[in-house]
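The two complexes that follow have chain A in common; it is paired with chain B in the first and with chain C in the second.
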Partner chain A sequence: MTPSAKRAVFLAFSAELTGYGETELEGTGNVDTYQALVEQQAGPIICDMFYAAAEGVVQASGAAARAEAMRIDVLASPTVWPLCQAIVTLWYLGGWTTPPASWYHGANSPMPPGLTPGNPITLAAQAYTAQLAYRAAGAHPPGANPTGYGSWSLDPVFGDFVAATLHARLKVRS
Partner chain B sequence: MAAKPQQTTPLGIFNYGSLQSMMVFFSVPASVVRPLLAGTGLEPGIFDGNALVNLNFERYASFGSTYSSVVDEVEFNAVVFPKYKAGQEPSLTVAQYLSGFDQSKTYGNYRINVPCDSAVAVQAGSEKYGEVKFVASFSFAVPDVNDANATSNVTTWWIRCYATPTAPKTQLPYIFDLKVNTNTPGVPALLVSSFSPVPAYANLVVNTKKQMVTSARVIFGVFKSWFNPETTPPIAPLPAGTVTLTVGAAKHVMTKQMAGVFKHNPPAVGVLLFDSQPAAASGHTLLAATIQ
Partner chain C sequence: MSAHYDAVIVGGGVMGALVARVLSQAGKSVLILEAGIEGAMNPDTYRQYLQTLYTEGWWRGLPNGPYPWNASAPSPGIPSPPNGAAYPYYQYATNLHFLSDYLRMLGGTTLHWQGTSMRLVPNDFRMRSAYGQAENWPITYDDLEPAYRRAEAELGVSADVEDQRIFGVWFPEGYVYPMHRMPQSRVDRFFDGALQGKTVKLAGGTYPLKVISIPVARNSTPNPTYNLGEGYDAVPAASDRDQGQRCQGNSVCMPICPVQAKYTALKTIALLARQPTVVIRTQSVASKLLIDKESGRITGVEYKRYDKPGSPTFALETAHGTLVVLAANAIENATLLLASNAANSSGQVGRNLMDHPYLYVWGLAKSRVFPFRGPDTTSGVESLRDGQFRKVHASFRASLSNWGWSGEPGNTIKTLLQANIYGKALRAQLADQMTRMVKIGFMFEQLPSADNRVTIDQRYRDGLGNYRPVLSYQYQDYSLKGIEAAVNTVWPAITGYAGIENKTSYPAGAPGYQHVAYNGAGYNLMGSGHIVGTHRMGSHRKDSVTDRNMKSWDHPNLYVVGTGNQVTIGTANPTLTGAALSIRAADAMLQDLR
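Presenting the complex of A and B:
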């Protein structure tokens, strides 16, 4: 698989895992950083397994086929599924914890040099700013994205309807 | 006057040097098993109103005068009895059967298919004993006395079976993926079962005609067992998460056979485990002082 194909699979599969669209994930500016981190942490043997499973999911046509590929190729694997869980955490919280040694051992893969199992990794500021957890909650990462003029007078609005709803409600008030 | 005894031809006894055997039992409708038994002279045993199938993961060593062999295989078995004994099969619950109460030894395993990573074992099993067997490969991580240490202790069972003689690098596609965790909350307390001997039935073609091969694997020890022993039939399944079976997408007849048998996600009802003792153990100690 070429580097560009891997990036496309990583992005599409991340969309499948997070529930956010590829455009939205691209908009976080974190795709390349996250892909590089995952590949560096997983190592080449596990990455081959990951991309094969992810490709099976994103290339399946239709929701039912994707769900079936996810069940067979991803969920059943004691190697790929824990990696997917870590990727979901990465997108939603912007943080990463180096997997345990037993995970590499179970996949017959050496742990990439320089890693310490259980080591928490804090990525760039952009990972904090763009983490999906705040977005899903209709909130804003403290100290980063401002909430906007007048937002303090509005009820909380959850999910990705925030922008449209806020705009509509501010319009009504004005 | 009693009928004459049936004439037999002994086919020999195969001695195992070591054996690890984990049998996972599923309660399935008899209707999904019967098509797989067509023409075999066998009927599915009925326990608590359903048939029983099992996946039996085995690792064994064997030795001959001129060879030493280590084999991994999984038997995909249906618990059956021969039609010529119809009416004599004992009425048993699942719990009774798993406890070893078929003392008539009427019920036995019919190997629907056996993926095995040894070409020699496949040839011998198929040609000598009529087993339905093919060369396959596995990825597995299972408990073992040689890996019981603080850093890499494996306490659960994971077995993935491939249709190819060599495991694909990506671990895809596969025939089935099986996980067993007997430490799952709610799993019945560990018991022991005098399940041995474990009978089996096969068909062997001799001079273009099918004949029945009967056999019994005598296990020199008790099985560890996990199932609900005190329930009123039907047996209560093992808790969710104890056994996770996923039928994969590998193009092979066994994938289709398993997809048919497990299409309605039947419950796992019991796990039996036999793990033979090591024949010897060798310990090593490093002394701190350097040799002058």
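Presenting the complex of A and C:
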């Protein structure tokens, strides 16, 4: 895979994992930093597994095929799914903790040099300010992106929630 | 030959700054000795602390998360990398721990406080007479009322008097707070609507569950009728007048307000710095009071001045003042008095340490209430702060959290991922949960006890060789019975009236909490950061450390100010009361300096 193809897969797969659109994820400005962090933390052996699974998911046509690819290649994998959970956490909460040594061993991968299992990694402030979790609830990360005096006494402007709710309903019907 | 000041003040936090302000406005010369670094006073450093919140706040936690460890003047509760367990500072003489901390840095603990600034109610000053509990203060609400108003001006408190006239709290005719009350949150309106006219039974009496706005030292909209129509100028950030004129909804009073719309002592210190008669000396840790054996006068304050935080080297210097004022945190005041063998003829120094044991209850509302927005808290159920039940158990306030459940949204995300839920379903389910999360923080009254105390021990010293506080702490039945009433009676009533699905549980071993068993139930308690009572004032020298003006009974030129003077803790967050007491003490100092 070329670097630009990898980036495209990372972005599309992040969208699948987080439930946010590619444009919204690009808008955080964090795609490249997050991709680099994931690659550095996972190491080349696990990265190959990750990109293969991710590519399978994003290239599957239609929601049902994507869900099936997720079920078989991602959720069932003791290597890929924990990494995906960490990626969702990264997007949603702006934090990353180096995985446990057992996770690397399980994939027959050496731990990349310089890492300490269980250590929190200090990321740029932009990871904090762009946390998607708060946005999911019409809120904002404490201390960043203030919503203005008195805004807390009103219902939030809340397109995300409406869109997500609608989507969930449509899914139930289909 | 060192300079001589009218007053040497130990501690550059809110209490010391307010005393310095009153004295310097009267032309008196003042030296402030601050143990910690200049830190947040420097705007670049302030921004750096905010950056720390952004980059490491997710594991550093509250409330001292952004602030650096300083082994030369250690603070409790400073997180240690990589996982955020605090550096050790307190030493314990009991199995139970004292879970509240403070910050030793110019500006002090007001850097991380929430700004909640209600007054005590009159019966808090007369617990013995009213309810046969604890002791009466040597002063009454009426005595302190004028100082409360001055403290509200200095701190810039936002509230409406109509809300605050509870349990005999009175204001002079025509008084208004400097600024209007903060807008109440969506969460507040939810509770207010559900609890209108509702009551609860406590110890045989019936009490309303009334939600009111709480006073906060946080800039809102100045009240044009303040001070007989003069109005009030909201005080902006200490170092940037273009910031902080008004809260802008950053939703993070604690641990650091990005724009300084919240009062910090830095604002008062910025005013002091313009006064030629005020000298502020940071990185100067008072280690001993020098006492003249004949007269009992404090002849000097010995302090250790260090160049580099964390370095064990220091210069030993002595400051001289006509008056000496201890205005450090209540625990630090006690430690210094004990280290100096001063002011303790009553044996009360360090005793009667109090806090508000803090207990969360939480649940899911049926409809969306949109938490995780706005100041940490804007309202409370304040109608259980006084009543006949205090003959039997503690009173309490119920602070309505605008911030959903603790540990969120992280815990819900983790749970959903563990259930293999991802993508749009994850986002929708997270939104559904987060927007309905409600939480109340109960803060319970604690009675003074001789056994809850600060002591010192030769074996336990900090990086400069100064004493670390050794703490003994426990919860009395009086508080635990109040906790039972809150959890077994008040919370079920609230969930019933408001249609909340209770999600509260107190598993043993939950990190950050102290699990306490009582009558077959267990509770996960925290501290409130409301450190009170270690040098209480009184009417008699035999059972108190200071007189009604906060002057030591034993030393004619020593004052000890702040929340440590409180005889009882009541249920008000104590900073405003400590500020009022400090202003009152400063008036007495001016009489002495005449």
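Rule of thumb we're sticking to: the second predicted complex is superposed on the first by the 151 of 174 C-alpha atoms of A that agree within 3 Å, B and C clash if a C-alpha of one lies under 4 Å from a C-alpha of the other, contacts with A are read in each partner's own complex, and residues count from 1 in each chain.
Keep this in mind: a residue touches a chain if its C-beta (ideal position, glycine included) is under 8 Å from a C-beta of that chain, and two chains touch if they have at least 3 such contacts.
In this text, all values refer to a predicted model and were calculated from it rather than measured experimentally.
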item	value
Partner, of chain C and chain B, that touches more residues belonging to chain A	C
First, second, both or neither for A:Ser4, with chain B first and chain C second	neither
First, second, both or neither for A:Thr89, with chain B first and chain C second	second
First (chain B), second (chain C), both or neither touched by A:Ala101	first
Touching partner for A:Asp73 - first (chain B), second (chain C), both, neither	first
First, second, both or neither for A:Thr23, with chain B first and chain C second	neither
Partner chain in contact with A:Leu123 - chain B first, chain C second, else both or neither	second
Contacts of A:Ala52 with chain B and chain C, given as first, second, both or neither	first
Interface residues of chain A shared between complexes with chain B and chain C	75
For the chain A and chain B complex, residues of the former touching the latter	45, 48-49, 52-53, 56, 71-73, 75-79, 101-102, 105-106
List of chain C residues in touch with chain A within their complex	50-51, 53-59, 82-83, 183-186, 188-189, 220, 246-252, 256, 258-259, 368, 370-375, 378, 402-403, 409-410, 413-414, 417, 420, 422-428, 430-431, 434-435
Residue ranges of chain A touching chain C (in the complex, touch as defined)	16-20, 70, 75, 81, 84-85, 88-89, 92-95, 116, 118-120, 122-125, 127-129, 132-134, 136-140, 142-144, 146-156, 160-161, 164-165, 167-168, 171
Residues of chain B touching chain A in the complex	141, 151-152, 154, 158, 160, 169-172, 177, 179, 244, 246-249
